[in-house]
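Have a look at the structure below, then the notes.
Note that the chains take the letters A, B, C and D in the order they are written out, and that residue 1 is the start of every chain.
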Amino acid sequence: MTVRVQTQDFDVGAELQQLSAGNHQIGGVASFVGLVRDIAPEGSGASSSMTLEHYPGMTEKRLAEIEAEAQRRWPLAATLIIHRHGRLEPGDRIVLVATASSHREAALESCAFLIDWLKTEAPFWKLEDGPEGPRWVEAKSSDDARKAAWKK
Amino acid sequence: MTVRVQTQDFDVGAELQQLSAGNHQIGGVASFVGLVRDIAPEGSGASSSMTLEHYPGMTEKRLAEIEAEAQRRWPLAATLIIHRHGRLEPGDRIVLVATASSHREAALESCAFLIDWLKTEAPFWKLEDGPEGPRWVEAKSSDDARKAAWKK
Amino acid sequence: MKLLYFAWLRQKIGKAEETLDVPAHVKEVGQLLDWLESLGPNYATALKERKAVKVAVNQDYVGLTHPVKAGDEVALFPPVTGG
Amino acid sequence: MKLLYFAWLRQKIGKAEETLDVPAHVKEVGQLLDWLESLGPNYATALKERKAVKVAVNQDYVGLTHPVKAGDEVALFPPVTGG
């Protein structure tokens, strides 16, 4: 179980490699990488950066709790969450969630679970540089719905 | 849409990087890496290698059809399937499935769909070096059930 | 009591954090929000739409009836949008 | 007709592929399997458990009533186990 909150980028290949290194009971590694989308209107020549604010301390605590919940629900050999904060440009990596298990189903489902819960629980806020100036991204009700679906 | 069937290993980080490179509409990249599990009894000192046989020609055709089916079901910006054949050792990578989309749900679901379908449709056969000699791995009914669930 | 504000709540209130002596009648989160609103128009504007204000006490999400006391770390912020 | 055998079907039959002149009465996959069984004990043993034999004609999965004709590539193999 590893949680990292950082401004620096991360090396997805190296992180996934390390997640399963030395454990030959692992049959599958599932991962999700979130990237900054360019929301500037096409042809505008503009590019949309963003700034990610977070709540130091609570962020790490919530992410560790979400990881622990995934470990309770699925037989996982290893889990990893890396989330960046600070200023990010379109195409930049924001978040990496990865899970390793002897069972592919456990790895795939817990990976989706982690990113769905992280989206609604981890205290991060996106400030986007839109065409009309900076704008706080609004939470999506679809994210709440996806999280709620895991309660079943 | 890319399908590769090869004996060589692959670089997961480089493959995922290339999948989203230059397309800033992509918000998420989901992936699954399958690894060779060591099935030798613990403490036996033995290690279980395996040999993956496949049907050249049909393999590529089926994988391309499975990718096309995923593209029909979800709005995907890019998809990738790499599957190795030949001799593999415990811990070796067997398969990489990756999907990129502007929507995280589409990336996550289509990634699970691809590996589930590949498991029951792509003509590969595993010959494991077990403690009592080589043994053809038997297909699991749970894999058929997972594939069937996607019909809904 | 240590108060922390994030995202647009931080911008509207005009500060990231402060330490306040909270009156004795303020025993729950809801009462704390009512009292903060009375501190000035910046607070009143920030806290107007109560549904958009999430509260964490000592880094755990809590509801409006959760107790608060001197020494607590209380954070106010909008619904989260990371990932 | 080109016949391909994979995994334990290949091992039991004792070859990976062969080209056979199939008699005129063999018009469907099921009839082809029946005829192959008559070619020798190795074929009979390999094809005994019909439920475990998957068939592809020209690289597409097909059922027992699918037509076969001269020039087709017909592959026989057990349920797949990749991934």
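Basically, a contact is a pair of C-beta atoms (placed from the backbone, for glycine too) under 8 Å apart; a residue touches a chain by one contact, two chains touch by 3 or more.
Being a predicted model, the structure only gives us computed values, none of them experimental.
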Please remove chain A from consideration and report which sets of chains remain connected through touching. B, D | C
Average the CA atoms of each chain to get its centre, and name the chain whose centre is farthest from that of chain A. D
Just the number, please: Cα centre separation of chain B and chain D in whole Å. 26
Where the CA atoms of chain A average out and where those of chain B average out, how many Å apart are those spots? 22
Between chain B and chain C, what is the gap in Å from one C-alpha centre to the other? 48
Separation of mean Cα positions, chain D and chain C [Å, integer]: 72
Multi-partner residues of chain A (each touching 2 or more other chains): 34, 104, 115
Could you list which residues of chain C touch at least two other chains? 83
Chain-to-chain touches, reported pairwise for every pair that qualifies: A-B, A-C, B-D
For chain B, which residues are in contact with chain A within the complex? 11-14, 16-17, 20, 24-38, 90-91, 102, 104-105, 107-109, 111-112, 115, 146
Quick one: in the complex, what on chain D touches chain B? 4, 6-8, 56, 59, 61, 75, 77-83
Spell out the part of chain B that touches chain D in their complex, as residue ranges. 34, 52-55, 57-58, 61-62, 83, 94-95, 115, 118-127, 136-139
